[in-house]
């Protein structure tokens, strides 16, 4: 029964989205239906989690899809995918709650695209057939294009088009590399197969492997985003509605990372191993460059966007080091970053709703007016800085301390990077919460709904901060597999 | 008797003359005439080939060429006359409202 | 044998010269006449090359039907008098001078290069120099061959002609010649007729 | 033993959580009582733990925080005498300060947030004192930093306080970088993060690594204890309420740095260079603090610089290899510095938030005898007059520095003695200006009423006063008939070994020297800053003015950081954003995309709409294809 | 020789239907409304069903029209295209006063022309099929007599068309002169391809095909004609005539002998590369939707040619070409159909609603047509939920599989460029503020039916392309 559950989890939101479209004339009913659907999906994932903990073997689905191209509908669930799906279901549920009041025009279409993006992301986290992965990889971009483009702020169309072109350019280059790999595999073994496990046994010459890996890496780098190709993220975030930003920051950036360590590294171990230092440099640039620019921002959303570039930089460093500690550290950090940055975006969205603008100078002295919101703001700001006891710290210490095992200077530089994060976060807190309030009209503090949203995230953040072991145990198996995975990976292991 | 190449060459020269007429003349009717010349040239080549290969296929083809030419001229002239009636000019390059 | 080649060269000269003259005439009526001469020459050539029926057909259809139709059209449409200028003196081109050279020079250049290249193709071919031995396909033989082997394409050709007919009738239905511009298409009788089948 | 230690740590945490969650729903009275109860109970637990442990080492693990393969982070406790003693001091001083702040924060409506932070702070401090796993210690380390950020910026309405808080958090975090790197290196070399294991296997370290560890831990301690390179945040941290300054910036947090060095002493004790570095850093900071304190106009800033200076002494003690002396001075300093801060708090409270010492005068002595005598006791202890605790602890440090091998340490001893003189000078300068003589701004508020502070504030001063005087008994040197109880207690702390018998001549000589220095300093202070003192004015005229500004601005260190580090950093952020990100990459990618638009415009002209052009292209295409075929297949 | 009538039954249906329509038009004056439309639908439908149902014996009919499943599949496809065009143009033609018997008859004859061209194994039938197709299209494009743009488009297509077919004819003549074979495949597997006369003929034939498929040097007529012609006819032209020529070209490419192929390949390669790059680049700055769709269809032909290169040998390329032609047909028809549905409200004389500014916020004004246009554009761009995604994947897989890496890279660069202008239109549809809505004219039943069916088909092909791929595999085996 469980394998059926996987497909149900993927396609329930899509099915729900179609139902919501049918009720397009009653906005309220749409909201409740979509809440129900996302709730049901979260419930399904939850009991999948329970079953997975009982017998932690990987659950797989493998059906024939397009016979002539040898494409199979192959899914597999292991610890990492389970956590990421849990994060997706949780965040999408929050998105529906967050946009309860703020989205008023074309509510049905909004929820349809929201649920469609959920399907895209969950599908991507489960797919092990390269073509299915590629399909979900492109499918997740379209709903977000519409979310940003239709419900965004002033300059939304330009940002939406820019986001779309960046993502699709990357993925089209990946298409060429993907077909290249499959063709080489076919020439070596005679049968066409897209499954990741089969493909990573293909023996590639250094040059071709380099080129193919470069194409995949570019696609993932655009999505993560890494330094030179990151300029779409700040624009997309400043123009996206709150729910859009949550999906974009919480989920889409993770798919880039997920692709890198699920497909990039296992399929091209040699090239990945040789170019690890390039990835490190890009990660470091992201870490320092993102944090440094965040200091100069005036728009809150743009600041949080640059901060997520900086956090993702750290995760890429963890990935590039490719040892047991940094890998589980950065995967855990993906979950943490998803939660914390989504919470920050939700908070900025709420502040924007109240004071009417996202500029920091208009938002002084909120602590006196809205103590509850400011309390949450401080909590999540501290979490994003990596205060021990909250969730980011666990990830960061694993990455940085673990870094000493492979390259000590990377760990040292990483700790310096953490200070950069603190600089802009403290400036954000100071200009938003402290000082004299700019205007004296009373802003309402958090409503029950808003407190529930932020409270839920706060509970999870503190739980992971204090007791991350259940998550780390889930990661134990898959990380070991990734490290010791295939035979030609052993060279890396010995490294 | 004439050499096969020479007949083909004649056909080719006629074809090029028709092409030149199509390219140079601006009058729609003259362009149509150019096309007729080109079709006729093809006929000559077919007849020569049919004689060379000793099979009547070529000659049968000429029948079809004539049918096509006739139909084309009919429709073409009707179209040209209609458009000249509407836009008042026979010059091919006045029809340049659709561009870019 | 030499008589055949003599006749052939004669006919070739006639055809080429008359076609060349035809395309360079400004006066359309002169053009039609020269073209008719050229088609007569082609007909004779067909006869020489052993296709008597086609020769007749050539004369009837090309020289007869098509050229007459052209003549008819030229006579009825009010073109700017017979003196249709060569492309060079194209009234619409504002800055004539070098542009005129461009307009006429370039196409001629292109046509000559096409001829030269094609000529090269033809002469480089080894089996092109075979001599054509005279043979004659009598109309009866040709007729039987046509309706035994090629009866289907003939049927298709008939459809083709039918379509040509329909097209010509449809386009010409609202009145040939001048002034149709003035009448708005919803003129009374056209309207009634259209409404019939609407 | 385990439940006691667990409760010891949990009480302040529970107190903090209680006020955080239910603070608004219960009355003010209960919040205050719960907060104080939390800390007092944990003090009792510390007492029980102190005597039941009896000087033995105990490693107790509560539960695993998280574990990946062999990177295991446990929440565990290493209860050795050092930790026991430190816990005792911390809880004792915290309880007193909690009681004091109940009175001090009487009229402040943010009391819930205040007590919550204060309790969380005590919990984090206890984590630092007791933790065995370095990452668990890091939890306390950062927790303390965050609580001090919250408390310094407590009155957030004034942006200056908030930026002071931000500065403190940032600079301590710059210190923490070294701590993180140290944790990484420990994990790399020892594969474990437990202090016991590391100290146990410290001998496998090469001298080079020992020096590296020494420097890293020095940098971390300097960040937390505001030593020289990172000392600029402490004076600004006075923006917070006075009990906060007393607790955090005198007794507990700032000593965490030294404590860390003591905890991990074996790791760097093997390398002489590391020890020398620590000693030099301590001495220089001591001297720097003393000079700066000499010319401060604000009562709390004087005490802040004095704290920096006294911490310098503790670093010198560690540098000189005598942990016991360092610990002894730490404890005594905690008592008399807390006392001075609390007394200053009473003075400020009495004069309605007036901190400028030149506005105070002898009317305070008459109005507040309860504050005057404890302040005198504290001042005496601080300037190391013979009978007081300060005398004994500082004396021991001077002796061990003097006895340490090498000329270099003699030179350090000389500077230390000089600083001792300066300490006496600025302490009694403060005392005379505040309590004797007339307030300079006599005319306007001569009649400024002196409001009597609430009794519980005054009450807390007395125990500290007594301890400031009699704490010396803890470690009376043999010469004075004492058994040196503390050194016995710390006997088997790694690195606290005796230097053999101290020759009587040196001991007595040193004692007499420091006593004389102290009294000499007081006399100078009386002449310079007494009621009719020469320099009893906020600014010095003529040539001396420059020196005065230099000292008041603490050698312009703060201005230097602001001008040559903070400002370029922000400028660079702006440049990076506008030049590199917006114009550079964004515009670059945009113009690259624009080239396609350019080609597109050109190609668009190709379909010119004119039929002759199209026909021409048709035949041109034909010719091109024929040429292609001709060339490829060498028809020519 | 005994001819197998089953093979040309579909052709008979089409021809008979056409004639029947003209008879009705001529003799049955007061016929009920829409009879012509229904008869056209029925005959096209019948032809399609017959083509799919009965498979004639292998021998080509009268030695000229091949009865193999390849051509039967294409006949069914052409009939499908004409049915959808008829559905889209039902209300459109009525509104613009050209829904007489000529229109319906000529659509059927054009379909007949395509069927003949695709199924021809003899040069004569190919030439006649192409001519029948072209002449009916000359009139169909200029069918909307009162619109000046349609006239201009008609003239342009006629002149260019006749010149190109003259070149094609002369090419065939030269080929016959050099090989003496009238069968297409036989004439192309000459033992040695060094024979220059053969090359001259081949060059001209390729130019003739190039014009019809609107490859780049010969594509200049396409944007003007598509912009001028009525929208359904433009759709019919862009899908039907191109796919017929692609089918014929596919037959030539798979049939040609290796030395001949060695001659053809570089030419096709250059044409494909040129077409992809120029087609996509010029579409970037277009601000009229029909011109944009024209350039996009040129670019799509470039992709098809890319797969054509790979269609020899194991047939991955051939199946990709056929699959993509089917998908391309429905995408393009969907797009032009949506334009026709949207421009119903335009005043009679003016051409269709063309400029992009007129399409602002159209996704909300015309939800169905807007959705169809959006899905078709997504599919043309090759994005996941649509058939275009699988089609594009098949194309690139075939191209890379046959080691044509360079053209595949050019194709991907073209696809990346194309993303911009497809998305730009979708952005205009849904994200720009809506301008003043024009009064809705009743779109009738046929338009929305076609709209829904194409929408469903595109999405279905995106999700379950397996069935169509199997059918194609059967055809090619």
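Going in written order, the chains are labelled A, B, C, D and E, and every chain counts its residues from 1.
Definition applied: a residue touches a chain if its C-beta (ideal position, glycine included) is under 8 Å from a C-beta of that chain, and two chains touch if they have at least 3 such contacts.
Keep in mind the model is a prediction, meaning the values are calculated, not measured.
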Smallest number of touch links from subunit C to reach subunit E?
1
Which chains, if any, touch subunit B and subunit E both?
C, D
Pair exhibiting more inter-chain C-beta contacts, A-D or C-D
A-D
By Cα centroid distance, the chain farthest from subunit D is C
Give me the ID of the chain with the smallest distance between its Cα centroid and the all-protein Cα centroid.
A
Centre-of-Cα separation between subunit E and subunit A, whole angstrom
43
How many angstrom lie between the CA centroids of subunit A and subunit B, rounded to a whole number?
65
Geometric centre distance via CA averages, subunit E-subunit D, whole Å:
79
Between subunit B and subunit C, what is the gap in Å from one C-alpha centre to the other?
5
Give the residues of subunit B that touch two or more other chains, as numbers and ranges in rising order.
8, 15, 18-19, 22-23, 26, 31-32, 34, 43, 48, 52, 57, 60, 64, 68, 71-72, 75, 79-80, 82, 86-87, 92-93, 95, 97-100
Quick check: what residues of subunit E touch more than one other chain, meaning two or more?
124, 128, 131, 135, 138-139, 142, 145, 155-156, 159, 163, 167, 196-197, 199-200, 223-224, 286, 420
Multi-chain contact residues (two or more partners), subunit C:
87, 107, 110-111, 114, 118, 120-122, 124-125, 128, 149-150, 153, 157, 160, 163-164, 167, 170-171, 174
Report the complete set of touching chain pairs.
A-D, A-E, B-C, B-D, B-E, C-D, C-E, D-E
Residues of subunit C touching subunit B in the complex
1, 4-5, 8-9, 12, 15-16, 19-20, 22-23, 28, 31, 35, 38-39, 42, 45-46, 48-51, 53-54, 57-58, 61-62, 65-66, 69-70, 73-74, 76-77, 79-80, 84, 86-87, 90, 92, 104, 107-108, 110-111, 114-115, 118-119, 122-123, 125, 128-135, 137, 141-142, 145-146, 149-150, 153-154, 157-158, 160-161, 163-165, 167-172, 174-181
Along subunit C, where are the residues that touch subunit E in the complex?
118, 120-122, 124-125, 128, 149-153, 156-157, 159-160, 163-164, 166-167, 170-171, 174, 185, 194, 196-198
Using the touch definition up top, name the residues of subunit D that touch subunit E in the complex.
593, 596-597, 599-601, 603-604, 606-607, 609, 611, 613-615, 617-618, 620-622, 624-626, 628-630, 632-633, 635
State the interface residues of subunit A toward subunit E in the complex, per the touch definition above.
65-69, 106, 131, 135-136, 138-139, 142, 145-146, 149-150, 156-157, 160-161, 164-165, 168-169, 172-173, 175-176, 179-180, 182-183, 186
Under the definition above, what is the set of subunit B residues touching subunit D in their complex?
19, 22-23, 26, 31, 92-93, 95-100
